[in-house]
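The two complexes that follow have chain A in common; it is paired with chain B in the first and with chain C in the second.
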Partner chain A sequence: MTDILTVNGLVKSFDDFVAVNGVSFSIDEGETFGLLGPNGAGKTTSISMISGLLESDGGEVHVAGDRVATSSTKAKAHIGLVPQDLAIYPDLTASENLSFFGRLYGMTGDDLSKRVDQVLEVVGLSERRDDLSKEFSGGMKRRLNIGVGLLHKPRLLILDEPTVGVDPQSRNAILESVEQLSGEGMAVLYTTHYMEEAERLCDRVAIIDEGQIQAEGTRRELVSMVGEKDKVTIAGGGALSSSIPAIEGLAGVTGVSATEQQLDVLAEDASSILPQLLAAVTDAGGSISGVEVFEPNLEAVFLHLTGKALRD
Partner chain B sequence: MKPFSIAWSNVRRMLRERSNIFFVFIFPIALILLIGVQFGGGVDPIVGTFSADDGDLSQEIHAAIEAGESFDVIVYETEEALVDAVELGSVQAGVFLPAGMDAATAEGTPVEIGYVARPDGFGAQMQAIVNSIVAEVMMPVGAAQYAAAETGQPFTTALAASQSIADSLQVSPVDVSYLGEALFPASLGQFDLGAASQLILFVFLTAMAGSAALILTRQLGISARMLSTPTSVGQIVVGESLGRFGVALVQGVYIMVLTLIIFSVNWGDPIGAIMLLIFFSAVGAGAGMLMGSVFSNDQQASGMGVMLSLGLAALGGCMLPIELFPPTMRTVAHVTPHAWALDGFAELVRRGGTVVDILPELGVLAAYAAALFALASWRLRVAITRP
Partner chain C sequence: MRAAFQIALKDLRLRIRDRSAVIIGVIAPLVLAFIFNLVFGGAFTPSEGLDISYGIVDEDRGDITVAFSEGFAQSGQFEVSGYNNRADAEQAIEDGTIDAFFHFEPGFTQEVLAGGSPQIAVVGDVDSPTSTQIAASIAEGFSISLRTSTLALTTAAALSGSPITPDFIASVSDPTAALGSFSIADLSADTKQLDPTTYFAAGMAAFFLFFTVQYGVLGLLEEERDGTMARLLAAPISRSAVVSGKAILSFLLGLIATTILIVSTALLMGAEWGHPLGVALLAIAGVLSAVGIMGFVAALAKSPEGAGNLGAIIAVILGMLGGVFFPIGQGDDFLSNLTFITPHAWFMRGLAQLSGDASWTEALPAVGAIMLFAVVTGGAAWTMLSRRMRT
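The block that comes next holds the complex of A and B.
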């Protein structure tokens, strides 16, 4: 895998307030990287520096090997930015908006018109291409906003809270688009304060708070890092407690407790030992009426790391 | 290429707004038409007459008034109708010829001819003309009255003698010559004065109104998004400037061409006129850019823009010709670019000047434009790159 984005020690202060303090991470080709944190954590400031909108006070950003600065046009050609707030002309049509930004990315003529058609298709706005964007619903505007970032087939797509204020249907469409783009090999930097979006989309997640990355890794790595375990609850009857010695012998199991009708198992990775777990219960003469697996989520990780909950 | 894309998006957005179509293209032409009709040339004053007498003297005075070339004449059947016409402004003045004029003059009794007028310039001017006409007709009458009284001859005999002398009398003509030049020469067309001033007023007003669009572009984060593309701050600033300049120029060319075709407005030397328009459009665009980069609220900028545009237009001579200003105010007026642009058009239109003759005006406008664009570029650069 090749690093498309490398961020090294980014720092930004506004007067005495340090908004971003030593942020570092990298994203590979085809990888979706989540920057998860509450409002005011430093996500948008980081993205502004990564996309060359804001000059950093320290640190470096490279995209596809080119250094990013406010004045660097070469590196920016690799980046597609989808800002948190809608940045489209309300009094231009969908296709006019795309064509306008396409020209700013250096596209012209047939290449531009073909690409505009493709992007309209991707964001589901082909039928509304000649309508003014001010006549669109919130979700359609969001999709057009994303379309602008995709026009020039960037190597790195930066999405800053793209689903804020979007209805569930449009949100799902946006998330599906991101999954598709990532599958096509585009590196995606995705900021959100919605834990479920980060869990669904991101291969790796960095948890950011107060301008600093608190932890980084896959969901599983983050969960392990803070000592949180999966929990399997088996409901049933018979000799449930007889299976405890066998279950304790399974790899990754860290604790077992039983009542007459329920067995609770704590494990590093519940899904990998689930078949053996169920077999151990039935082998010991227990009967199973239901199984529930609880995996610790990033909300719990965030709470553990920062002492506060992710909030809207 | 990129600056032109940004500029074109501005022009396209401006043209798409229906209210802009009215204020940019329809309203200025309507105003030029209105001002031309109200204040332009080609308006002849009208004098109404009512005669209560059909004697020779009355008919002679009436004929002399009708023969005058300074005004048109309408004859009224009643005194009340003439008074009403003057009061309503249908005629600018009224002349009343009383009953029994012939008999009274034959007896040597003074005759009082009535004159009513509206209290404006036309009334006073026409009074002098009517006085002169009546005096010319009454001169032989006065002489006959005097001769009849002194010699005891019948009045009619004395009148015939004095009229025959009056016909053969050689009056020494007064040699009249004019010094300097007329403020508004007779050759100035009905719409010429209003067209230039309204062109200047509206080009500036439209450019200032464009500041709101620039603020909106910044507020929507589109300027920032442009910066996230491989487009430099310089290209964005040039593009936005070109957009404002393009809108102002399109409007100016439209006004010039349409008034030329419809109202036959004389814009003078075409190259000079276009150069003035280009330079003044640049001033307007620079001012609009500065407003759009200094203010962060589009409504605030729109209000301030209209206020400044109308204020500068009034001070600069777009509402009342600068030639009618007192000398001090005429000097103060030249703080505004409007006054310089109007000076340029006056040189082209009234004095037949060419582009060479308006180089000083073009130079001043260029300096205004350069200063405004420099300030605006600096402010916009800061505004775009500020977090």
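The block that comes next holds the complex of A and C.
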């Protein structure tokens, strides 16, 4: 895998306020990386520096090997930015919006018009291509906003809270689009304060708070980093408790407790041992009427790391 | 530069779709120029003489009043008719034959020579207030001239013991001195004058130009407000391309609007703009100065609304001071000089210099002065806006 984005020691202050303080991470080709943090954590300031909107006070950003600065046109050509606020022209049609920004990225002629058609297809606006974007619903505007960022086939797509204020249906469409894009090899930097989005989309997540990265890794790595375990609850009957010795012998199991009709198992990775777990119960003569798996989420990790909830 | 033109073309499409730029840039000035010309156009025809008829009732028939009548008639600026008595002259006003008359009562000359200050009665048509006011000014000017001259005469006569000769009387009763003190043409004798139609067309074009070019430079603030600036700055283009794009749009809008106004007022209203090359240079310089000034306003403002308000105030002040609605400061040196701190006044002056069959080079001094406004304000605006884009 190749690093598309490397961020090294980014610093930005506004007067006495340090908004970003030594942020470092990298993103591989085809990887979706989440920057998860509450409002005011430093996500948008970091993104502004990564996309070349804002000059940093310290640190470096490289995209596809080119250093990013406010004046660096070469590095910017690799980046597709989807700002948090809608950044489209209401009095231009969907295709005019895309064509205008395409031209700024040096696209012309047939290449441009074909790509506009493709992107309209991706964001589901082909039927409305000639309508002014001010006539669109909020979700459609959001999708067009994302479409503009995709138009020039960037190697790094930066999405800054793209689902804020979007209805559930459009939100789901946006998330599906992002999944599809990363599947096509595009590196995606996704900022959000919605834990569910980060868990669904991101291969790796950095938790940012007060301008600093608090922790970084896959969801599982983050969860284990703070000592949280998966919990499997098996409801049933028969000799549930007789299966305990066998279950304790399974790799990754850290604790088992049983009542007459329920068995609770703590494990490092519940999904990987679930078949053996169920087999151990039935082999011991127990009957199973229901299974529930509780995986500690990033909300719990964030709470553990920062002492506050994500939506604070 | 390619990116700057792309931005300008995008904005041009938006402005045309919005229609407000078309209304402000072309329709409003054209309609106002037409209305102003209709309402005020007859109020002054500076270079072609005044279409005013006066009567003179000379019941004195002395040397002074005869000299006044003859000199007045010979001045060629008015139609002058003589009447034997006041009743006939009043009837002539009633009939619409004359606009006003001067009445010299018997003994006028004798009283003047005796050192007195006899009154010249002026009677005017209530429907011709301007003509009556002009007549009153002439009478007042003539009276002042008589007083100062007779004072000199009596002083000289007393000192030398010489008699008062008819030649001397004729010299002090020359009415052209009084005429000179009121004539509109003479008040600005060092410059040429535009005819009313061209004057109002040019005035409205210059006035609304400042509102029209605003649509370009204010676009910068609108991009910031609407969030699209982030996307422009994230694109692989230089930041100066964004500022340039807005300036190009301002220039294009201003030039297109001014060209349409020049052509349409020439065709529809008969405005005589002068040598095309001279007019083109003045128009380009005028548009550049408007872009510079409005760009400076945009650089000072924090929001499009604030810039719009400030721009409107500045456009109105500069317009009024520059004499786009009516001539400012004629006869008043201070006001007259003050007008030239505006590009509007130079624009109007440049067009006046082009009137008649003048060469295009006659406009060059005005073009130079207007370009000075453009360079100073445009340079400041560029510096401030570029700095703003970096932060």
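Worth a mention:
Basically, the second predicted complex is superposed on the first by the 311 of 312 C-alpha atoms of A that agree within 3 Å, B and C clash if a C-alpha of one lies under 4 Å from a C-alpha of the other, contacts with A are read in each partner's own complex, and residues count from 1 in each chain.
The rule is simple: a contact is a pair of C-beta atoms (placed from the backbone, for glycine too) under 8 Å apart; a residue touches a chain by one contact, two chains touch by 3 or more.
If you're wondering where the values come from, they're calculated on a predicted model, not measured in any experiment.
By the document's definition of touching, both partners, chain B and chain C, reach A:T73.
Contact with neither chain B nor chain C is seen for A:V223 once the two complexes are overlaid on the shared chain.
Judged by the touch definition given at the top, the superposed model places A:T45 against chain B, while chain C stays out of reach. Contact with neither chain B nor chain C is seen for A:I213 once the two complexes are overlaid on the shared chain.
Chain A residues in contact with chain B (one complex) as well as with chain C (other complex) are 48, 51-53, 55, 70-71, 73-74, 76-77, 79, 81, 83, 85-89, 91-92, 96, 100-101, 103-106, 148. Contact residues on chain A toward chain B in their complex (touch as defined above): 14, 45, 48, 51-55, 70-71, 73-74, 76-77, 79, 81, 83, 85-92, 96, 100-101, 103-106, 108, 148. Listed in rising order, the residues of chain A touching chain C in the complex are 48, 51-53, 55, 70-71, 73-74, 76-77, 79, 81, 83, 85-89, 91-92, 96, 100-101, 103-106, 148.
By the touch criterion given at the top, residues 3, 6-7, 10, 13-14, 17-18, 226-228, 230-239, 390 of chain C touch chain A in their complex.
Interface residues of chain B facing chain A in the complex, by the touch rule stated above, are 1-2, 5-6, 9, 12-13, 16-17, 217, 220-222, 224-233, 385, 387.
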